[in-house]
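Encoded as structure tokens, the structure appears first; notes follow it.
Order as written gives the chain letters A, B, C, D, E and F; numbering starts at 1 within each chain.
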Amino acid sequence: MEKVKFAIPKGHLAEATFKMLERAGYEIFNGETTYRPTLNDPMIELKILRPQEIPVYVSEGLQDLGITGVDWLRETCVDVEVLLDLEYSRVKLVLAVPKPWTEINSLSELLEIFSKQRMPLRISTEYLNLSADFIKRNPVYGKIYGNSDPLIVTPWWKKGKNVKVALFLSFGATEAKPPENADAIIDVVETGSTLEQNDLKPVETVIESTAILIANKKALKNPTKREKIFDVLTLLRGVVDGRKKLHIFVNVNSKNLDMLLKSLPAMKRPTVSPLSDKDWFSVNTIIEKEKFMEILPTLRKLAQGLVVYEPRQILPLDEMGLEGTSGVEH
Amino acid sequence: MEKVKFAIPKGHLAEATFKMLERAGYEIFNGETTYRPTLNDPMIELKILRPQEIPVYVSEGLQDLGITGVDWLRETCVDVEVLLDLEYSRVKLVLAVPKPWTEINSLSELLEIFSKQRMPLRISTEYLNLSADFIKRNPVYGKIYGNSDPLIVTPWWKKGKNVKVALFLSFGATEAKPPENADAIIDVVETGSTLEQNDLKPVETVIESTAILIANKKALKNPTKREKIFDVLTLLRGVVDGRKKLHIFVNVNSKNLDMLLKSLPAMKRPTVSPLSDKDWFSVNTIIEKEKFMEILPTLRKLAQGLVVYEPRQILPLDEMGLEGTSGVEH
Amino acid sequence: MEKVKFAIPKGHLAEATFKMLERAGYEIFNGETTYRPTLNDPMIELKILRPQEIPVYVSEGLQDLGITGVDWLRETCVDVEVLLDLEYSRVKLVLAVPKPWTEINSLSELLEIFSKQRMPLRISTEYLNLSADFIKRNPVYGKIYGNSDPLIVTPWWKKGKNVKVALFLSFGATEAKPPENADAIIDVVETGSTLEQNDLKPVETVIESTAILIANKKALKNPTKREKIFDVLTLLRGVVDGRKKLHIFVNVNSKNLDMLLKSLPAMKRPTVSPLSDKDWFSVNTIIEKEKFMEILPTLRKLAQGLVVYEPRQILPLDEMGLEGTSGVEH
Amino acid sequence: MEKVKFAIPKGHLAEATFKMLERAGYEIFNGETTYRPTLNDPMIELKILRPQEIPVYVSEGLQDLGITGVDWLRETCVDVEVLLDLEYSRVKLVLAVPKPWTEINSLSELLEIFSKQRMPLRISTEYLNLSADFIKRNPVYGKIYGNSDPLIVTPWWKKGKNVKVALFLSFGATEAKPPENADAIIDVVETGSTLEQNDLKPVETVIESTAILIANKKALKNPTKREKIFDVLTLLRGVVDGRKKLHIFVNVNSKNLDMLLKSLPAMKRPTVSPLSDKDWFSVNTIIEKEKFMEILPTLRKLAQGLVVYEPRQILPLDEMGLEGTSGVEH
Amino acid sequence: MEKVKFAIPKGHLAEATFKMLERAGYEIFNGETTYRPTLNDPMIELKILRPQEIPVYVSEGLQDLGITGVDWLRETCVDVEVLLDLEYSRVKLVLAVPKPWTEINSLSELLEIFSKQRMPLRISTEYLNLSADFIKRNPVYGKIYGNSDPLIVTPWWKKGKNVKVALFLSFGATEAKPPENADAIIDVVETGSTLEQNDLKPVETVIESTAILIANKKALKNPTKREKIFDVLTLLRGVVDGRKKLHIFVNVNSKNLDMLLKSLPAMKRPTVSPLSDKDWFSVNTIIEKEKFMEILPTLRKLAQGLVVYEPRQILPLDEMGLEGTSGVEH
Amino acid sequence: MEKVKFAIPKGHLAEATFKMLERAGYEIFNGETTYRPTLNDPMIELKILRPQEIPVYVSEGLQDLGITGVDWLRETCVDVEVLLDLEYSRVKLVLAVPKPWTEINSLSELLEIFSKQRMPLRISTEYLNLSADFIKRNPVYGKIYGNSDPLIVTPWWKKGKNVKVALFLSFGATEAKPPENADAIIDVVETGSTLEQNDLKPVETVIESTAILIANKKALKNPTKREKIFDVLTLLRGVVDGRKKLHIFVNVNSKNLDMLLKSLPAMKRPTVSPLSDKDWFSVNTIIEKEKFMEILPTLRKLAQGLVVYEPRQILPLDEMGLEGTSGVEH
């Protein structure tokens, strides 16, 4: 029977990915010491690869399933099926310039000022296509340089004609490139503190990105692989949903029960069980985590003894088809 | 809108603090790489400071809210509002002397013997005020030296007249000061193993200490800040309470139900739900964690299939006012 | 009152052991910095020892209780009470030979080929007794060497007559011994990736092993110690069982309730509680973790809103006597 | 006055580079904590960059001077001045295939077998140009595919027509790519043990590489920068030469002196000084390190008391012009 | 016989101190694992203490000899003998303010602007005395606040009257205090990169500091201790001097010898020895390290084969009395 | 041509061994990441093994050459050629008992007191043979137990009859065994601080040990291997000798020259070279490191400008035969 080849991202995505898989019920062996960790499901073969490589390998069929970021899916423009937004490793791809440049607060201003001063603009980035597209779509760029493509410089070759706006491929530590090796950068930021420490400020957002689960389209047509992929999807979706909810238990006096049920639209169809003391009921229900602070005052007036859990997984149990799974546009 | 400035302790308190905040539902970014981690609540600004510094900064209003230890609150004698005993990092501030001094087992004996041998007594400590007070309150000290203050030696200045009993400010590793650099120490101990390894024995306890949540009194009068501080307090209190309880589920035959409810006073008002098998009920309730082993024999006789959880948070839901929160005397 | 002396294994068993104790409700202090961590139960004294040493110390009564592996219990052949299979650190003790030896795929073939080529066979292992027994039981060995014991070589002394088959005591890194220092090895493997990296292949399994809880037989006759040991056993058994189950909550319409209860034999006697919406019920029950994927399709058809938990502990509550605890044969 | 911008390689070249600079007499501050370490020469500004990036930045004039590898200089084909072969980090760029493929021991065989079996050949590498050139120069490739370029696959774009032979850009851990993600690799090896551990064998060498000192050609025409670059070159060359020599001191009886001088052509023009004992002389000279073991027997016969040093630096003191410095062909 | 108690600084001074002691010929055991490392000289007892503590302990006679920084010697104002400037860990104690405050570039401007805006000025520092003195000596301070002492705030007590200018004792990470917890800082800087990363700029230098060797004055009068202290001083001075010199060997033709000796005043009294080839001489001498690049052109013209060493130690051998050793004023 | 298989010890001997090999002129690759580091001499194959294993493997011919400790050579009693005392990792094997046992200060007292109190004496050790011999040679042991061998307890088997004195095999952390798991220990100590921290005191020394170079006797008869082993021996001996010497250079006025040469018997046959200033001479010579402080006063009176080096290697150049190399008795 054919195994499902599942590509897991190396680097800062790795830890969050391992945590999610473990919460989904998988056990991972040797996750930190080998590129081929073992899973407690023998029909799934893990391989650790760089997030940049995963879209390519999944689309080429060298891997059946993969976790990568929206950023690299977009950059590589490959044809794969996006199964699930995993909602972690949330980052923005931003254009950032040195903080002291108080007069530059947009790509347009950046392009204009460099053009006026007749200085070539050098931008360091790992995202050559997204950056080139983003720049070409800028109206000021069009006005000055027309349809000419920005120059792209990599160790292997150069591409594009417009030497006035050059994109240099960065091999990491992009934030340390300015000012000697770049005028600006296009890089992912999580909280912005790395930019801050390097005296840079974000001026525009190119795209937003999270971790996603992607699959090879042919693999989805193989019945054995499809079923296994579907299992992974189901379990991971349960974790994604579980993280956004809280399961709460409260005790309520019978005289307050109706009031409580009515005044809490957040609690849709809660479970109501009698306590041993006949005048009291236990009410338990799933709520949105973000509504928690909001309903606290009502609970305080009408109920007692609030117990809170974060569910390990929540599965909607409506028909989860692969058809409807492409939550991330691309 | 004004943000709440929340000071988090560096050092060995840090890890337990991060865990508690996370269990309360907060997410912390960059907690280990910057002095200003980001929280998923944008209205709270974290700053990592040393526990010694936090009472001073909170009382001066440079921070609105802080987590520190009872030890440093007492040492600094500042005027802040104590909101909650967080009940972790439980330590004792003790007077310790070399283990081989079998004849010295109290501060009185220590003072007497050094006085008799006409040797100056040198004590190394980070807690200059608490130590000086503790020594001056000792009756033997009064008898020998009257009202004279012990000498206090810091790198910046000296204070106090009585050169026969000197407190040297320690900059850490206090336990390694004796015997060359101190005769005795006054330092915090958790399990005593550090003292043990340095051939010291504790002879008296000065105070006991745990981590506490403190607030600036002016900040509590600012309505916006007060509300946000109250949210933090509510969520943290839920964690403190949740840690002391267990949520148990058992199945019980209808014929044993009354007996079970009666014989378990620890289970106050449990929830009773029918099983699909009509003769059986599921009983679930919150109990004190420390009563668990005690009720096991009764459960074993009357019930089946015990399932145990530690709740993430438990909120009593009675009116939690800031008025009634000062659980820690000072 | 006498304390229970509890030996905890150092090395790769340590982390899993600490996790299990913590989940059982114990708090451990200084687990990584001393050989005598402190527990929140003052009547239990922990000592960290090597797994090889623990069976000997428990059988000699220098420790009352211990966690070690089945492998070392078998190797040492000591007389102790096995209380519980802890079911973690699952390993196999295997005979492994260089991968390129395609013609050797069993101990018999290994013995035959070395015998034919008149070369002494050298095997590196930490398990001298298990290995010698295993080899002597092999029919090919008997045919060639009769009743002669394999030579055993340690730094302290040699034993056994048959210099044609020699067992060399390994002090770790056994997998790196071939080809210079051994022809084959007998060593524990978890996932096989270490063998793989050293160009070895497993050809036979000697025994399988997991972590186990063992006790000194005299200590079990001391009433005070027996009770405390029983508490540890109860709490750990709850964790072992809890790990194999899931607690699920679903909502089901009254019209599907019977169907659901019938078609899910995995759900034995679930709890059924009404929702606030009268047509619906909440059903919660404990299932085997490994049945989870199997019952998902049925749940999907008949129920809604599946919430999943892994219980912290599950205790069967039937009379857990020490008599019936020896789940591991030896 | 203009400073010289000196690019230092990050990664495994970093440590050897820092050691060489320190032996040359430079002191480096914060070499491990910042991308801009400080040097004790204020006219030189260090910047840490990836070796892949350095040839590009030096040729573009964003850096004046740089240390990189011959491999990346060749791969990028940029126009810079090569000043010195630093002779450390000696590696080979090799084509490696799985060890079990006993019938494949050259690129020709690899190409032939994949072609015959009508399977696409996938090679993972960081060196796209060197690899493509190497493959195209192979006669078997020409015979089968003519002048068609191998397909090159990167996350950003594809290039080349021949889908039967594809080069996939690797983002590190190239040795772990086969067998799932590549059939063969072209990667640098130092000792071969990484290949060994990944069950690969080298079959052809593409190029050999060491660390080199390169300079921007315009910077060499700026008199101030040229002088500073020349200082760096002089000091580093002294270290390179010093590492290959030994300075030896022996005592020799006057009757053996001539014999010694004659029989040791390795010792060219040694210094001869009288000892206090008139019959003896001290002879000291610089020899090639690799001749050391060879001359030991002669020294043993004719001399006494050999003292050995490795010089910190050796400078030939012949006219070291920048003209004559291009020791590395490219 | 009495041992010499030698205090070694913990923290970032530690590594450089260990290196210097080792180069001086001492061997240190357990330097990283205990507060009492052992030396190969049994008459010296090492103790690791914080640099802040060492001047106090040496002046009190609890330690005989110590290595600390000039900064802490000055801050503590204790009466000890300064034996040697060790010339490593060279730092400046500077006043730094936020970089964006372009209008503030001196203490005077800082005081003026805060005074005008009627805002209290808060400075964070570990150096309370040096900072208070430095501020009081500023003419602007005198003009505005007269003779009133700045307020000093520590966890233990407050001192000084002028609440408009307050010094807050910092417990480390002083650079992270602004802007929330301080307006400016007075802290030591080595290369300035820490200030840079925290968006601060230095505006005034309070003092400069290096590591120094200090001794208790009474210990110097004890003949046994004095001799041992003198040995330590001799060996360390040799290292300090050796680090500033180079030992060079060149070969020179007899016709160039006089010219070489004349034109190189840096070479004072070099050794001249004949080579085996009668027309040549070897010249070796000690030069100042910083003259090395300067004399290279002359050497290149007149000599051949330059060999360079950094001496382990250089001892002037003139009468090194303790009298003349106080190279650091205080 | 046959390679020499050279076993290098893992663990705390490893670092010192690598340093010595590097100073001898060898370069080691991957010393920390593999059990088979590569050497710059392709005719030597390194293998990293535990020091306990090395004597056995060398005597069995599975390794030709090895570095281990005298302790393990003695413990294993194998027949190998000892080539060189490497003089590092100097330790003592001692019997240690709890510090509080003030009345026990020898093995005799230990045996007597346990015998009187009718308590079995349990000793933990890794050195079973050395310990058993040492105990049996003790006259008190003979008097009480006659010729009966102490009981030896290992995980694999027991040996010896006398259960009143038992040796338990320790698997490391021997110092932590008392008091629960042993009454006394026999273990190696370097500085004694580990004993100190575990509240133990050494009472008798069993043997002293250093690192040694050993060879298989057959390998020494193989001409190719013999020569290569001889090279290793020569280079290592040079390092051992070099470490004990200093090379000093002083300048001396012609009027003091004779006096200097006469009054310094430590300087045997120094080199005397004229300075450019005709009245002065340079004198350089090799002295014993430990005589250095002793001759300083004389040098100070008669000479100037002392320059000190530690030679990398010193080779006596007298006929170093393998015959005369067994400097360590066994």
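Everything below uses one rule, namely that contacts are C-beta pairs under 8 Å (C-beta built on N, C-alpha and C of every residue); 3 or more make two chains touch, one makes a residue touch a chain.
This one's a predicted model, so the numbers in the text were calculated from it and none came from an experiment.
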Interface numbering overlap (same over half, different under half) for subunit B and subunit C: different
Farthest chain (mean CA position) relative to subunit D: B
C-alpha-based rotation, subunit A on subunit C, 0 to 180 degrees, nearest 5: 120
Most distant chain from subunit F, judged by the mean position of its C-alpha atoms: A
Subunit B and subunit F: spacing of chain centres that average the CA atoms, whole Å: 50
Distance from subunit B to subunit A - Cα centre to Cα centre, in angstrom: 38
Centroid distance [mean C-alpha coordinates] between subunit F and subunit A, Å: 58
Shared interface positions of subunit F, touching two or more other chains: 36, 197, 273, 309
Touch list for subunit E against partner subunit F, complex: 25, 29-30, 33-34, 36, 38, 231, 234, 238, 242, 247, 261, 269-273, 283-284, 286, 309, 311-320
Complex contacts: residues of subunit B adjacent to subunit E: 5, 10, 35-36, 45, 47-50, 52-53, 55-57, 60, 62-63, 72, 75-76, 122, 128-129, 153, 155-157, 159, 168, 170-173, 176, 180-181
Subunit D partner contacts - residues on subunit E that touch it in the complex: 190-191, 193, 197, 249-251, 273-277, 280, 282, 289, 292-293, 296, 299-300, 303-310
